[in-house]
Amino acid sequence: MTTTLDHSAELARAGANVSTRWQAIRFLARRYPLGAFGAFIILIFILTALLAHWISPYDPTLTNARASLAVPGAAHWLGADFMGRDILSRIIGGAQISLAVGIGATVLGLSVGIPIGLASGYFGGWLDLIIQRFIDIMQSLPLLVMALVMAASLGPSLRNTIIAIAIPLVPSIARIVRSNTLALKEMPFVEAARAIGIGETWIAARHVLPNTLAPLIVLATAQFGSAILVEASLSFLGLGVPEPYPSWGRMLSESAAEYMRTAPWLVIFPGVAISLVVFGANLLGDALRDLLDPRLRT
Amino acid sequence: MRVRRCLGWAGNVSVMLGAAIMAMASVPAEAQKRGGILRMYHNDNPPSASLLEESTVSATGPFMAVFNNLVMFDQLKPEESPDTIVPDLAESWAWAPTGTKLTFKLRQGVKWHDGKPFTAKDVQCTWHMLIGKGDVGDFRKNPRKVWYENLSEVTISGDYEATFHLKAPQPALIMLLASGFSAVYPCHVPQQVMRTKPVGTGPFKFVEYKRGESITLSRNGDYFKAGKPYLDGITFKVIDNRSTRLLAFATGEFDLTYPSDVTVPLMKDMKAQAPTATCVLNASGVSANLIVNREKPPFDNPDIRKAMSLAFDRNEFNTILSEGKATYGGAMLPRPAGQWGMPEEVISTLPGYSADVKGRLREAQAIMEKLGYSAAKPIRMKLPTRNLPTYRDPAVILLDQLKKIYIEAELEIVDTPQWYAKVARKDYTIGFNLTGVSVDDPDANLVENYSCKSERNYTHYCNADVDRLLATQSREADREKRRKLVWDIERILVEDAARPMITHGVSGNCWHAHVKGYTAHTNSIYNNTRFEDTWLDK
Amino acid sequence: MSHSRALQAKPSAAAGGQAKPIDSIAGIAVADPLLTVADLKTYFFTRNGTAKAVDGVSFAIARGETLAIVGESGCGKSMTALSLMRLVADPPGRIVDGEVVLDGVDLLKLPEDEMRAMRGRDISMIFQEPMTSLNPVMTIGRQIGEVLTMHKTMPRDELQKKVVEMLALVRIPEPAQRAKEYPHQLSGGMRQRAMIAMALACSPKVLLADEPTTALDVTIQAQILELIADLQRKLGTAVVLITHDLGVVAEMAQRVIVMYAGRKVEEASAEDLFAGPLHPYTQGLMASIPRLGLMRGESAKTERLQEIPGIVPALYSLPQGCVFAPRCPRADDKCRSEFPPYEEKHSRHWAACWHAGEGKERAHG
Amino acid sequence: MTGYLMRRFALMLLTLFGMSILIFLVMRLVPGNIADILVDSAGIVDPKQKLKIEQELGLDRPLIAQYWQWISGLARGDLGYAYVSERPAIEEILPRLPVTAKLAVLALVFSVLIGVPLGVISAVHRNTFLDYLMRVISLSGLSMPSFWLGLLVLMAFVQMLGWIPIYNRQPDSIWAEIGLLAIPAFVVGFRSSALVMRLTRSSMLEVLKQDYIRTARSKGASEKTVNYDHALRNALLPVVTIIGIEAAFLLGGLIVTETVFNIPGVARFLVEAIRSRDYPIVQNLVMFIAFVVVTVNFIVDITYTMLDPRIRLES
């Protein structure tokens, strides 16, 4: 009851031989084939980003006059853009940017949202009231509009893009932490901890937080996907990650859209990359929700 | 040698092609048909409708047709030069023997669009506002103030004569007055209105401007040039995406592309998509260049500046951006489109212009290596440029070239609102920049961008020798003598790496066969959109 | 509610006096059975293994008779009833074996659409939670009328009349008005009455009542039970009453089946069962009910209430041998290794226990 | 009930007030102001000219005074003057609203028309191949950036029909307009439909687990009656809430889609105004969007109470 993460009991009951981690993974993969596929996509994505330097056929920023708008072929598998930069290399490089934005914004959102939600739910009172109103305000704008305003106000850079995307992610994190905290703080084990004189902050951090982990993991996975999407949209509108970083969204934006007819691969491949990664994150998120949140099991 | 050949070829072909077609388009034998709306698109939102306050082609395109100048470049002649200047609101003009007084005889019976009569007072008002004489009201911006640095006052004699008084002779003043930007404004209309609902004397009246959507002009029935204009009106639909708008042109949604909107790589596709349309390629009057902060390390070191100049592979820029059709030279538009360009034999002697690209690169690398830089130990810096694709694309190529001389620059995309402020603060080492020139004349181009006093000399390049030579050439009436002076200035600018020039761009313009009486100019994109001669053969 | 009264209210004549066991059915035989359930097995196939929710249950019931199925929650009573209706959620549940013969028709072999036609018309069910068992966004009248339209064709106004009639029959005041109301506007007791009206609208042959009074106030409970008994007499419906409340059993049932962990462990007439429970589980159940002790005039002070230690085992990891052994005070090695056969220990009193009838005798006084 | 509504309304006003402060401050944190832009567009760097423009626009006044000017004007229905166009902001915003509204409504219709049936079918056939297929389709819809989908649709149109479905002039009739807007609306709606589908499905599954569904079955109701008469009726209640969330979601999608399809609506105008630091436009538009979101949520709340007899008939 203390944690829904512990699957060993369930695994054992199912009679699966889970003596090794690998077998546990195989077991889960069989139970959640779509989730496993999602995890596979994300894994490939992360590996691509980490190994970009070694697997990239060209330097993603290397221009080449002779390869301008090269058609996909042997030299450039996915073609080249107007400036002769290899699209495959740029997609591989773009994975780094997307990963940085996805993880950066999610982690930043969590690290701001969790304390806010904990404080709001655990201490209640006027603090809760103020935080709740503030969350209301933040949530009265669509995610993209909020990110847009923030991105414009911070100026275009990788760091600012991460911040701009993290800000609108905070309310939903704070909200979920708060509601879990409210439910948990009346639980016997929290009462017990309080009874033996453990400090309130310590209780909040050590006892309440780990128990909100499951919904947070589910939410974070979903937010990872939407952070990547929002980055793509911001970059598409010219307010995201600037050159020379090969951002997928910007690859799609004007310079690519200029060649929509003459060089469609400039529009197709980066879009496929974005969709695939977000699709993977969504599949994984769905499976994690099934796995971690038994109430939502279908 | 390769560079030079390429250069000459590119220039010749584009211009000759343009000129030939233009000549055909402007055959006057056909009888003009009246009526119809000219459907155009716009690639941008003009900042305002006030030509005197703006300096982009996005403003002249739609609004030049609302106004008249004193004089203008013949709309149907492709090349702009002192010889193609024709009367507009001025019937005739004459220089005083001292060369310091220029008197215009003005048309009578001309009416502003609001019905008020046009008089010499309006001419006086306009230029006094431009030189800051008297109350300028809410006239906010004055980008071409330096053009009239030499103008002390405008006097009038009666309602139909105005005289420009100069501090020193300036024969090229008449060229400046023929620019599309040199509109005559009414005294009685506040500037706020001129920015939003401009009142002119021109062939078309302003109807409305919906930002991000459209600009609409309608025929001025009272236009003082008899029988003109032929069109009932002109509409500009704003479409941001170039692919979209060019496709819309190809599918017949529009009659004419926006001036200079068709890039070289898209020309082929345009010809394939709209085979019956006329497409011409001309100098855009826009040069790609670098602004260099000579006070900030490492570019305070002349050796590094020299290495950078040597390292440019202009051909690569040219091939990627313009399929080799752009031209190279100094600050002035190169020959043959340009009137003032240096001869090829002069250009090839300039540092960093020799055809031996590899040799130059090796030389540049040697300089850098001597200073202790290498691929392992590069200079790291940021290279700012504006957040516009026309700036970004070439800047990316530049980054790649700088890498070869061990300068690892990261592009810093600066939003338009911060660009000039940043430059003014000298908050850059080198930056990528585009310079557009509306009139191919040193008094416009060089004075605007390199004289110490100019509002638009945002690099604050200031060289007393250059200023002295600028003043001398401006007074010089003999064109050949003036040309020599200009070349001297050009050499100093190149050697100082004032704004190292990369290429002078070319751009295309297309129109469907039924559009008549429109001519693309070969040496400017700013001065040919009066549309008073344009008609539709439908 | 007085318990002595409850005992008196119990019908004295048990049906099926001249009982003769039918083949393959271990248990009290019923002459002219209306519904016969034989060796019913309903298993749940879950990620965690197979749960045998109903494991070889057999019984029969005659027209107009009331049979009670008792046991703790989770012992398979409700699943037995749902299996009869063929409403076990599939997946994960499935009826894997057995027969459910109603009036000569084996329900388990019927195609789904024919089964559907039987539900509500020949066999219907009342559920435990009147709060949640009624559709919150439909009026009471519509929900009752729906049963009628599904099984009969009748003109609208007649339907309306019949609905009001049914509501009147279950003694809902102002029936015409109530028909237009939504479930949440009715009290718990009223909702259960409406539920009964719905179940009986087509005068079914068998009514399965799954804990019909558990969720209600004590005072209402008696009224509802009385209503069911009353309507049963009027309509001649056989009632399978599922409950954990032995008081209710005493009041309503002629015969009783005790279930534990999906199996039938004891079966007898109500009289016999209360007089002398044989299975230690039944004994435990009775000992845990205070009023049964009080009923016998014993002082609550002298008789400590007993509770059955432990909990019902998880159905997918049943122990070997007697399933009750882990909780049974009398369990020995034999119990733990061998499953006891279901035998007639006394006349018309069956049980599955190696030690049937031993000990605890004093509970019966 | 009225007490609840009053409280909700007060909270709504509070939220909007907070939003006004937030957006006002955030916009002023933006490096560079309109004066920079106006000066830059002319390519001049004279600080005197910039200062003059700032004075003209009141940008040199204290923030509190600027805020008060805006808010007090807003209360009077005066949105101030757009900096760039120098026209009343209301004249810039109002004419752009109808097309965005039409687009949003059409997109919402698409998302409901696609999302609800798919969600129901998916729930009814849960864990079958059909369910998996629909979930994968909806998930991929949710994963595609709508601008990319828009670009693909544009490319397909051009490639196949040689016609580009962009909004470059006011269509002749309302039907022609709807026909033209249907394409971008479909793009936005398809993406949102994924959300509606998923939520309908889970809502439907939740309902199908309810006791009253079992009751309906015990009455002999057919699967069709159970699914569409008993379950859907209940499952649609939370879907109504979803549509509220959708409204906000859609506005985000419209920003990029209006850009791709060149639709002269407010969403694209907002991006443009942000780029040119046109505070009066940005402030008022953002407030307007917040107002729409908050109001729609409010209306959804009311609708919910109207639709659910449990709440509606509460005294």
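As written, the chains take the letters A, B, C and D, and residue 1 is the first residue of each chain.
The rule is simple: a residue touches a chain if its C-beta (ideal position, glycine included) is under 8 Å from a C-beta of that chain, and two chains touch if they have at least 3 such contacts.
The structure presented is a predicted model; accordingly, all values stated were derived computationally and were not measured.
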- Which contact partners do chain A and chain B have in common? D
- Note on the structure: Using only protein Cα atoms, the chain sitting most centrally is D
- Query: If you tally the C-beta contacts for B-D and for C-D, which one comes out higher?
  - Reply: B-D
- Expressed in whole Å, how far the mean CA point of chain B lies from that of chain D is 42
- Between chain C and chain B, distance of the C-alpha-averaged centres to the nearest whole Å: 94
- Message: As a quick test, compute the distance in whole Å between the mean CA positions of chain C and chain D.
- Response: 54
- For chain A and chain D, what's the span in angstrom between their mean Cα positions? 23
- Item | Sequence positions of chain B contacting 2 or more other chains | 240-241, 244, 247, 415, 418
- Query: In chain D, which residues are in touch with two or more of the other chains?
  - Reply: 31, 127, 154, 158, 259, 275
- Item | Parts of chain D lying in touch with chain B, wherever the complex brings them together | 31-34, 36-47, 49, 52-53, 56, 84-87, 92, 95-96, 154, 158, 162-164, 166, 168-169, 259-260, 262, 264, 268-269, 272, 275-277
- Message: Going by the contact rule set out above, which residues of chain D touch chain C in the complex?
- Response: 127, 210-212, 214-222, 225, 230, 233-234, 237, 308-310, 313
- The chain B residues in contact with chain A across the complex are 240-244, 247, 263, 265-266, 268-269, 273, 315-316, 319-320, 387, 389, 392-393, 395-397, 399-400, 410-413, 415, 418
- Message: Taking the touch rule as given, give the residues of chain B at its contact with chain D in the complex, in rising order.
- Response: 41, 45, 47-48, 53-56, 138, 140-143, 192, 195-196, 209-214, 237-241, 244, 247-248, 251, 253, 415-421, 423-424, 455-456, 458
- Name, in rising order, each residue of chain C that touches chain D in their complex. 82, 85, 87, 91, 113, 116-121, 124-125, 127, 129, 132-138, 146-147, 150-151, 182, 184-185, 195, 198-199
